[in-house]
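Presented below are the structures under discussion, each in the form of structure tokens.
In what follows, chain A forms one complex with chain B and a second complex with chain C.
Moving on, here comes the complex of A and B:
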């Protein structure tokens, strides 16, 4: 821990530089989108300049329906992600620890996994109508596989010597999962979580947009049907920012939880 | 080291329960024995056509008939019809041709009251537009050309064909391409299609872009055409005729009120759409007669057969109340 603390200033400096570069990239992108419609590269009626989008976005901040929609989206995202992560972790550990079970399910998983979540939309509409539940099913379906596959791989990657040692010390199956399997699979779990978090956000917005359950996606659709082009883009910017924010939070959690992991140590050492 | 992870999982799980909590009890339409109002869920589309039901809810036309109405906007009839059939919604809003097509597939649907009608005049809430410099002068010039329609094999192409036929052209020679309303003006400007058929507020966008209106196709399809209707499942109609009767009465009162209070209509449209006030003030509103124009539905059913959408004419009398 002491050595990590000693390295911290350099790490922070590196992070500042990447944050600055990231912000510069975003500003550059915004400038291109500001200029392109003004000089007529794209029609200004359908691709408004960045400044107009930002003004519309700021105008939304004191609109109650915007915040309600944002909360709905975050709720569906968090709910779907939580279910997918817990189910993926539990089933992943089971499948990863029991080779027979794993062999029996691999084909089924490989059959189900590539089915796009949006293909389930007609089914969930008949079952639950345009409700949060329908969107939640899409989110869970998409995010679950991201988590499951990582956890299965993570569990399979556990050092067999460590596992045998734990066995010879007569650790109970639960204790083996807790003290040997879980810590060693944790990097994979965090990767699964990061992938699942992003996929869950995409499916939340898609579900709201297509199914019509409440949230930012539905607001985008309503704005589209009302021919409010600037508002459509303003809301799309919000979903993009949400994506960035979620990624930052998960990455931060990952760094804190896995500060002991060689991958993190190597990254810091190279700085 | 493990505690933050547990905290994270707990937080996420708590959010999950919060998110799932409200979706358990769906409104059911059980008869109100105790005087408790019937919870009714109606599926509508966020367009100006459904303004009367929003206005009627606000005016209390439903609550005074013991109906606790919840309005849910869905993305078009594709979601509304199955949701009504599966009982998610007790009532739904859909255009007349969609309902005729569903009826011909023996979908157990029953219309309960009128939705909205064309104005019957050249100044309608929907129109057929071409570019200002287009060689197309009237609908018959569309022969061999491509028209954008928001949904294919539905009320838009049926109506546009009616315009072409009325003008002396061969409607079977008009090509249609599917394009959502928000994309149509851009597609016309870019020359990707030769004509577009748009409803408000996109009609205002077409006018603002300088496009030329060559026909009001809903008007050409039939005099005072009933464009859309409210419907329910035959199951609910059979099990709870009293609820259907009360809903129909409330809806008819709402339609009549909306038809004579256009300022209130323009205001209420602002509550469930994002149409800006300037456009709302300019838009041409549909007509909202309380009664269904049966002749016009019959004309649409005949046109659906002529255009090849259907092999035989659906049972119009069985669909309508």
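Moving on, here comes the complex of A and C:
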């Protein structure tokens, strides 16, 4: 073991190096995808070089229908995520704080959770047709479980000693929730939120692709059907960027809300 | 008495729910919501042995092939990247970016590149499932115990022995976590690739029922997809228990103190 004091100054240097290497990696990745179709490793008709995809992408920025589709996707994602998060949090807190309720529902939850959300696709098409509502049901179903499981575990994991201490100091139930239960469940809740946000995006795009509700997924499907290869890839890149963005925002929120948490403090020192 | 109470708690709610569905829908005349007894009846007639051979087994084969390839690839690349800091720094942003893609968008791209055969579907499953395994393996390999690493070095345990007994063993709880996250993704991708680009398979068949307004058949297909999800997750838990028995035992031991 090297002493902590001796390691500290090297941290910034290594940080700098890893950022540089990471940027190099991204550039290299783009270059490979640019060159590979041009020298014929992959068919250029079906896998256009990066530069052409980027040009098509920039061209889309002037297109009103692109922005409408993007807003549709974001709206379905946010709406579905919000419903799932609220429902998951409320039911999760309920199940987590009442052991008997939790015991009675465990098997049912374990049974329902692995049912793939896409199994519902034919059902929602029949019931609601190619509408946002159909996609929303898929999104809520899939994201709900991620949230629920995390919240149940988080609430059940509250330190009993801390809870008893609060009780013997005569903290009111509300104050106990506010100062003991909520902070100790928060890391679990944030993990649930992060997982739910990613799953919600996957199911939003899936619904749009397969069901045909309006949004980026539907645009991708239309472009593929009409053989607009570059547009297909440009829109796929947009969904990827959306994924990165959502991840960054949730991570940022997590760090801000949990800056007091040991895991975050340790990370700062050891990074 | 306590065992009886446990059993009641475990099966009580499912029994109530199924009974509510069965009796609530018993006299259903709604075309889209057939009674559960009709669905169960249709299930037996629809999913015969031939149907399984023609539509279900090919789907399951693609699912398992894609899933195991993804796990293998994820562990191999993850160990490689996790052990080498320069490679890790170089690739980490690229991997994070690739992981952020919602995997279903790969289906249209894969159709363009490779048509609608088995290869496309397996490719889509591999590409979608590899990320949770890969990133978890990298994390697991990185976080291996310093003392154990030093012990290995002291005893001059190197190469394959070290990989097998130190690196992969230390990372195995994380690897299993990644594999668990990948499983539902594999099912989703299997179904979607068959719904979008196929002329056989489970996803295709269920969607055909829906288009033909064969509603009880469609419901039975939805049930079958659900059952497959449940069975696979049970099998996974069994496998996990035998693979990670040492780990869970260790954790339980620590908790007792």
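One rule holds in what follows: the second predicted complex is superposed on the first by the 239 of 271 C-alpha atoms of A that agree within 3 Å, B and C clash if a C-alpha of one lies under 4 Å from a C-alpha of the other, contacts with A are read in each partner's own complex, and residues count from 1 in each chain.
Just so it is clear, contacts are C-beta pairs under 8 Å (C-beta built on N, C-alpha and C of every residue); 3 or more make two chains touch, one makes a residue touch a chain.
Keep in mind that what you see is a predicted model, and the values were worked out from it rather than measured.
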Exercise for the section: Using the superposition on chain A described above, determine whether A:68 touches chain B (first), chain C (second), both, or neither. Expected result: neither
Practice task
Applying the touch criterion given at the start, work out whether A:126 contacts chain B, chain C, both or neither, answering first, second, both or neither.
Solution key: both
Margin query: One more residue to check, A:118. First (chain B), second (chain C), both or neither?
Written below: second
Worksheet item: So, does A:86 touch the first partner chain B, the second partner chain C, both, or neither?
Response: first
Counting only touches as set out at the top, which of chain B and chain C does A:51 meet: first, second, both, neither? neither
Identify the partner contact of A:236: answer first if only chain B is touched, second if only chain C is, both if each is, neither if none is. second
Touch check for A:18: first (chain B), second (chain C), both, or neither? second
Notebook entry, point to check: Who does A:165 touch here: chain B (first), chain C (second), both, or neither?
Noted result: neither
With the two structures laid over each other on chain A, which partner does A:221 touch: chain B (first), chain C (second), both, or neither? both
Per residue count on chain A, the busier partner among chain B and chain C is C
Where chain B and chain C land on the same part of chain A: residues 43, 46, 122, 125-127, 209-210, 221, 223-224, 229
Within the complex, chain B is touched by chain A residues 43, 45-46, 74-76, 78-83, 85-86, 122, 125-133, 136, 209-212, 218-219, 221-229, 231, 253, 256-257, 260
Listed in rising order, chain B residues that touch chain A in their complex are 1, 4-5, 8-9, 12-13, 15-20, 22-23, 26, 43, 45-47, 72-75, 79, 82-83, 86, 88-89, 180-182, 185-186, 189, 201-202, 204-205, 209, 272-276, 279
So, in the complex, the side of chain A touching chain C is made of residues 1, 17-18, 21-26, 28-29, 42-43, 46-47, 100, 103-108, 111, 113-123, 125-127, 201-202, 204-206, 209-210, 217, 220-221, 223-224, 229, 232-233, 235-236, 239-244, 246-247
Counting only contacts in the complex, chain C reaches chain A at residues 6, 9-14, 17, 32, 86, 89-94, 96-109, 111-113, 146, 184, 187-188, 191-192, 195-196, 203, 206-207, 209-210, 213, 215, 218-219, 221-222, 225-226, 228-230, 232-233
